[in-house]
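Here come two complexes built around subunit A, the first alongside subunit B, the second alongside subunit C.
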Partner chain A sequence: MKPFAFERARDVDHALSLAASSPGARFLAGGTNILDLMKLEIEQPPRLIDVGRLPLAEISETASGGLRIGALATNTAVASDPRVRRRYPALARAILAGGSVQLRNKASVGGNLMQRTRCPYFMDAAKPCNKRLPGSGCSAMEGLSSTLALFGASEMCVAVSPSDMSVALAAFDAVAETVRADGSVQRRPVETLHRLPGEAPQVDTDLAPDELILAVELPPPPPGRQVWRKVRARASYTGAIASVAVAGDRVALGAVAARPWRARFTEAALADGASPAEAAGAELAHADGPESRKSLVRRLAADAIREAKEGAAS
Partner chain B sequence: MSTVRDWAAPNPVTENRSGLIGKPVDRYEGRLKVTGTAAYAYEVETPAPPLYGHIVSSTLAKGRITAIDTSAAAAAPGVVLAWSHLNVPAQAARGTRLNPRSQRASNPALESDRVEHYGQSVVFILADTPENARAAGGLVRITYAAEDADLDFLSSLDLAGPAPGEEDARVGDFEAGYSASEVTVDDTWFSPLQNHAQMEPCATTAWWEGDKVVVHTSIQMVKGGQHALAETLGIPSDRVRLFTRYIGGGFGGKGQAYDDLTLAALAARESGRPVRVAYTRQQMFQATIHRPAVQMRVRLGADRSGRLNAMALEAVTHCARNAPFVEHAASFARNLYAAPHRLTGHRLVLLDIPHAGAMRAPGEAPGMLSLECAMDELAEKLGLDPIELRIRNEPEVDPDNAKPFSVRQLVRCMQEGAQQFGWSRRHPTPGAVRDGRWYVGMGMATAIRGNFLLPAKAGLRLTGDGLATLTQGMTDIGTGTYTILAQITGETLGLPLDQVRVELGDSDMPPAPGSGGQFGAATAGSAAYETAMVMRRRLSELAAGDPRSPLYGEDPTLMDFANGNIVLGNRSESLAALASRAGPEGVYVEGGISPAADARDWSQHTYGAQFAEVGVDSVTGEVRLRRMFGVFAAGRILNAKLAKSQITGGMIWGVGAALTESNPVDPRFGSFLHQDLGGYLAPVHADIVNLDAVLLDEADDKANPMGIKGVGELGICGAGAAIANAVYNACGVRLRDYPLTPDKVLAALEAKGL
Partner chain C sequence: MTTIRVNGVDHAVDVDPRTSLLDLLRERLDLKGTKKGCDHGQCGACTVLVNGVRINACLSLAVMHDGDEVLTVEGLASGEVLHPVQQAFLTEDAFQCGYCTPGQICSAVGLLAEVAAGQPSEATADLDGPVTLTDAEIRERMSGNICRCSAYPQILAAVRRAAGAAA
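And now, the complex of A and B:
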């Protein structure tokens, strides 16, 4: 780990001004991801700005009938909030599928969105990785990891987002509200908060260095049942091989792209009356990757859609 | 030398009058551990403020270091020294054994510019804080000249050669017997490379007291570590004092010393300060030993009644080019089933990857993953229940050597297990049971693992306060050794547990071989028992010869020990009184155990039967264990709670072997894909929802004076095979490529049109 400066922000403005004046600085909330990355020298920020004690943990009703979740609400707090559990059960389940109890007790909503990929070649500073060291190459492309992007990848990077929570948020059309040092507030859909790798996989999001997530806003849940499924080799504490969130007529896929992947082709097919299998296939027709992996995602999505439609867990 | 007949007479442990033997008492050191006050090697108090070392590992698999620049690291904040092969202090050449009685040879660190595997230590940094040491490590610049390396096991199978010094074991004429068999199975299984994944990394704290080095390190063998360090430093072993009091998991992976021990000792000598060195989590994967992958071809030939006529297990495995090790994955079969025509043997591929080595139940753990599934296949072909097939092949004597069994309750394990598990509810047709989207099935397998008794000693002191303190150069790797030694000592001396102390893990104490091969309890425990018996005799003689004792003048051989007293008829006195009269130091005795001269006249093993019920997700191919149950027979049980923990812990290892654990070598780099506990998937609590085991009443009077046997490795044996057989019974998919991860299961389901 490289030596670094540590500063605890007094308030949001202080956090933003610190960020604006210290190139390469990172915000620290729960610290469940960035500290690991710093120990491995994958992240080497000269300064950490601790935002963990800012008053941004509230979960409140919005005027439109949705929920506003403060960026510093812990994953545990969100998943156990009665309003979330009643109205957005797929979100609660997605969060509970992530990490471990200990991690969820520390991890914040904002930090969950900002966590970096767990691609094993990104996580190993000795290996070429365009996301970690631009231009060094992609070790995953011909590598041993099987959880590679099916959508939106580039020749530079095939890493996937590890966030389960964001998959459900994308299905709910959630929006991340951010603020910059100049006071400007932006509202960014969670679905597109993360960039696709393109030519610059080292840049995860469009957020400016001095831009801090304040909250995530959930519109009222769509009508219809909600389903969350996560495929993984062991029953807890491991990333998804694939996941799916279904909220009414909306479908989002996880662990298949550098961002939570709204299956728009699937949704359109469903609107046209397609069967769950046909609808799932409509999205996978646009996927790029091994057939076995496409097949898994197709089966998973179809079964989740079927469950949501039929209202019975199989 | 003793004979097993000497062990047949009743003794305080087998009589167990105060009931300490078998009692499920809590861990002796449990409270210290859960309150964070048990000082592990990296945490022990030092006589002066310590310095901290960090090891930089090779990122090359094979070749030479052509340039190494540690100048930036040496100049970094807090750095005291930076060593590479160019400036590390002199150490004995690798393999040197100045003292022919040393159990381990010299094992120098940073010895040359040669790189033999990815993760090898190449630079050592010493600094004022662990953070500064690690940060400086990141500033080291190394240039390598790579050489061609053999890294990928499965693509190197044509390089396989005979295991050194071994020949195939042949009985009868396998080929003829197999081809004449009415029903045959011929399949090949693959079990992958696995890591021990201990919670506590390898770690050492070292300081020098004059010309003597004191090291606290995490190692399973006290003498092995002491001797390895002495030989490496080129000093007599009595100038190395090694402590290893608490060990956060070993599983075979800490059976040897690593570079943390050598470098901590060298750096403490150089700096004149105590030094702490620990491996990083990544180094635990890349730079310690692992269980090698095994490719196993199994051929079984039987007649229509199910009687085996021919059996062959041919294993191909691997080890590091310059560190010979054979995973004896086929050997267990020689003792398990009888067949007139048999062939078992091992082939070895030499690779340029980190060292292969012993991991919990070496041999059986991967080996039973194949044979016990082949038996399941054979049973299906014969239309027999898998248990019935095994009963029909149950031998009268050990099939390997025709020796009588000391005790073999394998059939009873299977039958009791079947009854308690509800085996009769298993539907013999695969895919017949559904629970929603889950296919549900049951499987079983047997378990067998050898039993061993090695020479060991112990010391025992009784002091005037009535406390008995057992001292032994033994280790407790988390298995409960402290606790069972206290139970044995207390029962033998008639003392309650709160008057027994146990001190382990010090090379100055009477030596024991340590923890491994599930020989620890029987070996260290028998030495403790024999030592307590020496103490009984000494105390009896003291009482008989002391006019101040109420037992003065009586026959010492008639005296008994109970409730903290020495007793004869209605006369008694407390051990405390007796010891206090003996002098300020009380009474100290030493004793020990050696294998009986005729111990090898019997076949001695531990046995079990494993039962599993799994669900297979018909949509995704995920396999989830629903419940698991095992019945085991392993001699007299010293502590019902700890023995069960060992057994169920082993079964959980089997769950990992069957479903999740694997660490493939990336042939482009020679490194392992996974290097932390988030990537290397050992089972977590959520995977183990309903798992239990029972141990049959048993005493093996050929094993040792107490009739006990090991339980540390038995639980893993066959466990994974029971799960794989359950997966087949659930969904009809016979996968022979472990672990049975969702991608493989789903591909097989789809191949069946499911």
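And now, the complex of A and C:
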């Protein structure tokens, strides 16, 4: 690990002014992603600003009947919250499907959203990777990967967002509230928080370096049943090959793009009375990738939609 | 200076910010019970309890834990009397080489507290109801601890036994 300066933020303003005044500095919440990458020297920030003890862990009701989840609430705290379990069960299940209990006890909501978009070659510093080293090439394009993007990829990068939580958040139309050192507050839909790779895969999100996520806000849940499904290489403790969150008439796909992917073609087809299989097919008709992978996602989405409609797994 | 209480003993240490909590425990405080498997959050060998909550000590910096209370496998027994989870691992012969065992035991101690607090897992069928510690629940909740010797059936039995003793 490269040397770095460590500073614990006293309050939000302190964190923001430190971030604005030290180029390359990064926030540190649970540390489960950034420290992992720093050990591999894939990330080399000169300064870490520890925001872990800022009072941003509260989960509270909003005036509109939704929930506001502080950015420092742990993944465990969110999945264990009775209001989340009762009103947003697809979110609780998505979180519970990620990593291990030990990781979720440490991982924060803000850190989960801001973890690096990546593929296995990004993690291997010996391999070319446009995201890690712009212009060096993309090893995944010709390489082995069961998790290539099916939507929104570019010639430069085909990595997907590894966050399970964000898939459910996108299905609920959640919004991330951020603040910068100049005091400006922004509300960014979780669905589009992450950029598509385009010509600059090294930039994961539109957030400025001094922009701190304060909270995620969930509107009231849509009517209808909720379903979460995740396909992975073993029963637990590993990332998704694909996932899907269904909330009423909304469908979001996971591990298929650099951002959680709202399946708008699927949603439109369902509104027009299509069957679950037809509706899933409507989105996958726009996918770009190996047929085997498209078929897996199509069947996964159709199954989850069917379960949401009929209340039973097939 | 970072002040940290480990197994009931206060330590004031001056550490390089790069030092992981795991390396602080093993290299500075000479508590070698906690093991380093992968050093990347992928195996659970480094599991310890911080303020009663289980985490991977390898993915945390010592400086993040100023004022925290850490419990490692060395701090579980009361004198000569083993912690019920330690005793259950012995009774069920829940290890072979033993390398993953300190992490498994700390993890199981954390698990029992989480179940007592009603925290759900992926194996919880009804998120709105109480948690019943079925075998499927134990397997899922212990899935953050890999055992290279594959002592999983015995680990399951040990956690089941410890949970029965705790109930």
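Note that the second predicted complex is superposed on the first by the 312 of 314 C-alpha atoms of A that agree within 3 Å, B and C clash if a C-alpha of one lies under 4 Å from a C-alpha of the other, contacts with A are read in each partner's own complex, and residues count from 1 in each chain.
Everything below uses one rule, namely that a residue touches a chain if its C-beta (ideal position, glycine included) is under 8 Å from a C-beta of that chain, and two chains touch if they have at least 3 such contacts.
Just so we're clear, the structure is a prediction, and the values are computed from it rather than from any experiment.
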item: Subunit B versus subunit C as contact partner of A:Pro3, first or second or both or neither; value: both
item: Which of subunit B and subunit C A:Ala63 touches, first, second, both or neither; value: neither
item: Partner chain in contact with A:Ala235 - subunit B first, subunit C second, else both or neither; value: both
item: Contacts of A:Asn105 with subunit B and subunit C, given as first, second, both or neither; value: second
item: Those residues of subunit A which subunit B touches in one complex and subunit C touches in the other; value: 1, 3, 39, 100, 235-237
item: Subunit C contact footprint on subunit A (complex, rising order); value: 1, 3-6, 8, 28, 30-32, 35-36, 39, 48, 50, 52, 76, 79-80, 85-86, 89, 92-93, 96-97, 99-103, 105-106, 235-237
item: Footprint of subunit A on subunit C - complex, ascending; value: 16-18, 20, 39-41, 44, 47, 53-56, 59-61, 63-64, 66, 107, 110-111, 114, 117-122, 124, 127-128, 139-141, 143-146
item: Touching residues (chain side subunit A, partner subunit B) in the complex; value: 1-3, 39-41, 100, 118, 120, 123-124, 126-127, 139, 142-146, 229, 231-239, 241-242, 292-293, 295-296, 299-300, 303, 313-314
item: List of subunit B residues in touch with subunit A within their complex; value: 59, 77, 131-132, 134-135, 138, 282, 436-437, 617, 619-622, 624, 659-660, 664, 666, 668-669, 671, 673-676, 678-679, 681, 683-687, 739, 741-743, 746-747, 750
